[in-house]
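As written, the chain order gives the labels A, B, C and D, with residue 1 at the start of each chain.
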Amino acid sequence: MIHLGLWLPLLAGLVLLLWPGLGRGFAVLTSLASLAVSLYLFAEYPGEGVAYASQTPFLLEAGVYYAVGLDGAGLLLWLAVNLVVLLGVWLADVPVRFLAYTLMMQTGLLGIFAAQDLVFFYFFFEASLIPALLMLWFYGGSERLRAIYTFALFTLVGSLPMLAAVFAVRFLSGAESFLYTDLAAKPLAGPAATWAFLGFLVAFAVKTPLFPLHAWLPSFHQQNHPSGLADALGTLYKVGIFAFFKWAIPLVPEGFREWQGLLLFLAAFGALYAAWLAFSAPDWKTLLAYAGVSHMGLAALGLFSGTPEGAVGALYLLGASMVYSSAMFLFVGRVYARTGSLETRPVRGLARYAPGLYVLGMFLLMAMIGLPGLSGFPGELMVLLGAYRVAPWLTFLAFLSVIAAAAYALTAFQRLFQEAPQAQAVSDMDAREWAFAGVTVGVLLLMGLYPRLFTAYLEPLGRALGALFGGAS
Amino acid sequence: MIGPWEALALLLLVASALAVVRLQNAVHAALALIANFLVVAGVYVALEARFVAMVQVIVYAGAIVVLFLFVIMLLSAASANVGPDLLPRLPWVAALGALGLAGLLIFVALQFSPPAAPGSLGGGLPQALGPLLYDPEKWLFALLAVGFLLLVATVAAVVLVEPERILTATTHPAHPKRVGPPDLPQGEKDGKAVVK
Amino acid sequence: MQETLLLPLVVGLPLLGFALLGLWGRRFGEPASGWVASLLVLASFLLGFYLLLQGGARWTLAEWLPGIPFSLRLDNLSGVMLMVVTGVGFLIHVWAIGYMHADPGYSRFFSYFNLFIAAMLLLVLGDSLPVVFIGWEGVGLASYLLIGFWYTERVNADSARKAFIVNRIGDLGFLLGMGLLWSMFGTLSISELAHKVEEGGYSFASLTLAGFFLLVGAIGKSAQVPLMVWLPDAMAGPTPVSALIHAATMVTAGVYLLVRHAFLLHADPFLSGLIVAVGLLTAIYGALCSLGQWDIKRIVAYTTLSQLGFMFVAVGVGAYWVAIFHIVTHAFFKALMFMTSGSVIHALGGEQDVRRMGGMRKYLPVTHLHGLVATAASGGLIPLAGFWSKDAILAYSFGYGPWLWALMVIASVLAALYSIRWYVLVFWGEYRGKEHPHESPAVMLWPNHILMGGAMGVGFIGLPYVIDYENFLEPFLVRAIGDFPHEKLPVLTEWVLIVLSATVAVLALLWGFRFFQQPMPDWYVRFQSAALQGFYVDAIYNALLVNPAKVLAGLLLGGDRGLLAGFGGLGGLVGGLGNLLARLETGALRFYLAGLLVALVLLLAWGVLR
Amino acid sequence: MIWLVASAIMFAIGAYGVLTRRTAILVFLSIELMLNAAALSLVAFSNLTGGLDAQVVVLFIIAIAAAEVAVGLGLIVAIFRRRETTNVDELRQLRW
């Protein structure tokens, strides 16, 4: 079942590339199927540990296995990815080939969360880049070349040290294979640990994105297709938190301890910095890009605190932000379809014409700035509780961003929807958008009001991480 | 240990070599090269390499340098230093480098200690070289390869000098006859580009 | 106290109203959606009252977040608040049915209104700090939505945004307080915290800090100095909003939060002193500002500020039940005052400037009666509700220190003055406007009748002990807050204080009644122009904080692009090196050969000389 | 031994020629000189050690030199036809 869930999107993507005539309906159907699979896996999950594990030797001599399986975090993120892809495929007005790339990238993302072998993780981590680059290349804006360079360079420059680290954790620690279980059994120690962690750090910080390696993100989002689908996938691709949590920290705990202070500071500072800066963002995509950096800064703060609450909060915030940020990107894509521009400055006053859109935007925005009761809050709270125990001052610094978040989000929102309309009348949501809105708002509320549904599965993971660091409850 | 003949040969060698690189008239330089080669051939004889000496005279002095002379005449390039000199300070570098190189090589050469009892060379006669040259265990395949190389070189020389004629001669008669500049691909000439 | 699912239902009913009206409000239309909303609040009130009679209730969802339950608790303290919120809330809902008549956003308004009630109930009933926080930010959201209800006007949208952002500063305090308490005690359940604080075994300084963080939160929500700037602007919302949210309920949430956490505060002289200082400053600042306003709603808004300051002082001096008492009386008379203003605005077709009012006692006799009672209660006329709660605060202040009592008397004199100023400007003199005033419909008058009754009579639930009439409220609340004993003032002192404060109030009211009917003297005009601007606090904040922050945001954006350019610079370094090396590629054959020769010599030399 | 020295001197003179001559033909001529110097050293070694293999190699050198001259001169002629010059300083299109 897990193999089906993992490879089905890729297969569907290839089919769609070969027979574009199948169209959007086909893509939606396969996404639905993927989501159904992941829901099934979620329902059947035993509650703890890696489930649905399966491993086959791939390069036995080198100790590489095709090994997949899902733990609580993987499941949560699988759900998020499948949901967002479904929403995106359903909503975004893009060519069929774009949809095919989307589906192909979906497999890469799912693979990142399911891989139980470090080499395969690396494979999926890098493979997801290809569709992302293709989307930017074929459907990007007029200055996409620069964005592509920046994106590819940041990613690839990050990847090479990571590859070195991948080999280091296997061969310098004397582990039997690249399997997670083998590697985690023998954490790397000594000076090598510092450097190996640095290798992971560079790659994962780019993908978190962690200040100051977030610099590729704004141009990436600005130049991507205005439908927001590529941006949504880019948001899903921000797997740094997960990668730190699943691989870097357990495999090289000693190296992590070396870097912890710096990482906490970068995370906290980045959270505030990006939120502050988002206030003067010239367009919505830039704004959302910085907002994402800010949220990931908070999540990173929680994770790097090394406390169980912090880790649970970070993962939850990651999953939640995948949904709300992606939905937000798709949402502004719909705004773009109506107004033809995404600049924040001119006052548009759309609320009068499109009250439905206004309400949806309000929900998304409030989830984004962490309003309690919506999906952003539980994660932020847990992050706060965890981080405060370790670094109260940095927590204070980071959480100043909740004020800044209110400022940037509401200011931009006011210009877009409120005040006297200065733009032409636009239509309100159509049936397709209503369906999107219904599902999105439902998920936001569910994640906000009953987080237990997911945190129950994250808790054991958080405790395990806490135990790694001397286990304060 | 240096006899008079040897001293003379050495003197001639160096003088003719210098003449090769310094004479302003290219024809004179080529002639100096012939002289140099002939002296070398003489040295070969003295060093018990008679077959090689003979080949040196026939092929090198006789054929190759004559070819040079022929080309010099063909291109009317007798005067040596025509056209711009972009690197006026290079001769100094070259002189210093050459001096250094010579010094080092001589230094190395003088450190060479020959074996006490050298084997017999058989006077370097074909009888001695033949078995080596045609021995499949030794040089036979190299010989064949060099033969092939010569063949290719001949073809290459012809193609380089007369590319168009070769093309015309080897094109199958069924194709339309080539006209126009040779470096345009066929399709473009016959196709739309010409219509315009 | 029983576990019961009825308790979440108390919160759920208004929430249901929010969902119903939000989704299908237009189908309900007017006035059905107004009545649906009102009746749901009434149902909530009745259900809450029933549960309170049962002796309270609780409801817990054990594992909501890891280690954090989702728990609600209805005890006497939250019960009183529940009664106020739903009771007064219901009346204001009904009143709004008339006031919002023919507004294009009629059903949207009631949907937001119900959302507010639900969030406020969650805030009041929550027994776990995150749950309280849900309500805490929920009321902030509702307030944001309602202030910006007529969002097509830029001013309204700006005010709403300002309110939300300033509130967020307080929320940050709340959040950090949760972080600190969690790191100290490992729990965020309020009842558990109370036990753990009693047990001891923690650093006292940390506890002070935790209290301080919560205080910051309370200051933000209750618009105390220095975060008071949002409340006057919040008057941009429709008048029912001002009455319900920005007078009767939401702004008192900060006070409620502090009272709820009395166990953190009562033993800490630093925090108590701070709270007293904040409250006193706010009481006087609000009163002075109110005396300079011309907009009828801003006048009342500043009076609210001042009254909230009184409540903070009560908390600071340790008179927790008195603070709640004042919340109750204030809810009645301030809601009445706002709705009277609203009725006047309604009668004048939206006019809000008191300079174009006056003489309303002839045109709107019933509303005039309401206004008179509201003024008297607010001004502290014995024996109306406002007098008893304010007198209790004064008495406790005397226990804290006679100097505080003296300052509070000044504040209450100012309170009497601003109340009478409002009354005089609106109802006396000659009518200065052009609209033809008309009395409000019954649906707006009846809620005011009831509130008027409350403003007159509700004071009798908490009479001072020297009066031989049972004080119902104090023992009732102390059961929930915890008993923090005070020395009771001697009977004689108490009587003297009562008489003094009653006399002072009457004198101030009388003097003000005459003073504000005459033309203003020069010194008052000068004072007024400063007070009108709120003593320039907004301008100072803008110059010192807001604008630099905005400019910095722009600079940071430029800096961030520079960051990318910096990374580009790293790439450029490589490129530059490449360019430098590429210049070696001259294409000149002899140049290359010279290199070859030099290299050959060097290599040979290295080999030979090694 | 003396012939090794002679070979070294000739090789250096040839190198000097390669660098100083600007006409392609004369550069080529100097290269021939260097080749010859190398051949001379081989023959000298053969004499010193008494092995015939070195002489065989000299034969190959001569043969290959012939091939090289054929192609090289062909190139020079072709270049001259197109560019009207054989000055190596003017022929510098192979650059960045």
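To be clear about the criterion, a residue touches a chain if its C-beta (ideal position, glycine included) is under 8 Å from a C-beta of that chain, and two chains touch if they have at least 3 such contacts.
Predicted model, so just to flag it, every value in this text is computed and none were measured.
Q: Taking contact as defined at the start, I'd like the list of chains shared as neighbours by subunit A and subunit B.
A: C
Q: How many angstrom between the C-alpha centroids of subunit C and subunit B?
A: Going by mean C-alpha positions, subunit B sits 100 Å from subunit C.
Q: Rounded to a whole Å, what is the gap between the Cα centroids of subunit C and subunit D?
A: Those two chain centres are 97 Å apart.
Q: Can you give the whole-Å distance between the Cα centres of subunit A and subunit D?
A: 66
Q: With chain centres taken as the means of their Cα atoms, state the distance from subunit A to subunit C in Å.
A: 36
Q: Listing for subunit A: what residues touch at least two other chains?
A: Correct list: empty.
Q: Check each residue of subunit B and list the ones that touch at least two other chains.
A: Residues 86-87, 90, 93-94, 97-98, 101, 105 of subunit B touch two or more partner chains.
Q: Touching two or more other chains, which residues of subunit D qualify?
A: Each of 15, 19, 22, 89, 92 in subunit D touches at least two other chains.
Q: Kindly provide every pair of chains that touch.
A: Taking the chains two at a time, the touching pairs are A-C, B-C, B-D, C-D.
Q: Where on subunit B does subunit C make contact in their complex?
A: The touching residues are 86-87, 90, 93-94, 97-98, 100-101, 104-105, 107-108.
Q: Enumerate the contact residues on subunit B facing subunit D in the complex.
A: Spelled out, the residues of subunit B in touch with subunit D are 1-2, 6, 9-10, 13-14, 17-18, 20-21, 26, 29-30, 33, 36-37, 40, 43-44, 47-49, 51-52, 55-56, 59-60, 63-65, 67-68, 71-72, 74-75, 77, 80-87, 90-91, 93-95, 97-99, 101-102, 105-106, 109-110, 112, 114-115, 117-122, 124, 128-129, 132-133, 138-139, 142-143, 146, 149-150, 152-154, 156-158, 160-161, 163.
Q: In their complex, what parts of subunit A are in touch with subunit C?
A: Per the touch definition, subunit A meets subunit C at residues 150, 153-154, 212, 215-216, 218-219, 273, 276-281, 308-309, 312, 349, 351-352, 359, 366, 371-373, 377-378, 381-382, 384-385, 387-389, 392, 395-396, 399-400, 402-403, 406-407, 410-411, 414, 417-421, 450-452, 455-456, 458-459, 462, 473.
Q: Touching subunit C in the complex: which residues of subunit D?
A: Touching subunit C from subunit D are residues 15, 18-19, 22, 27, 88-89, 91-96.
Q: With touch defined as at the start, can you tell me which subunit D residues reach subunit B in the complex?
A: Per the stated touch rule, the residues are 1-17, 19-23, 25-26, 28-30, 32-33, 36, 39-41, 43-44, 46-53, 55-56, 58-60, 62-71, 73-78, 80, 85-87, 89-90, 92.
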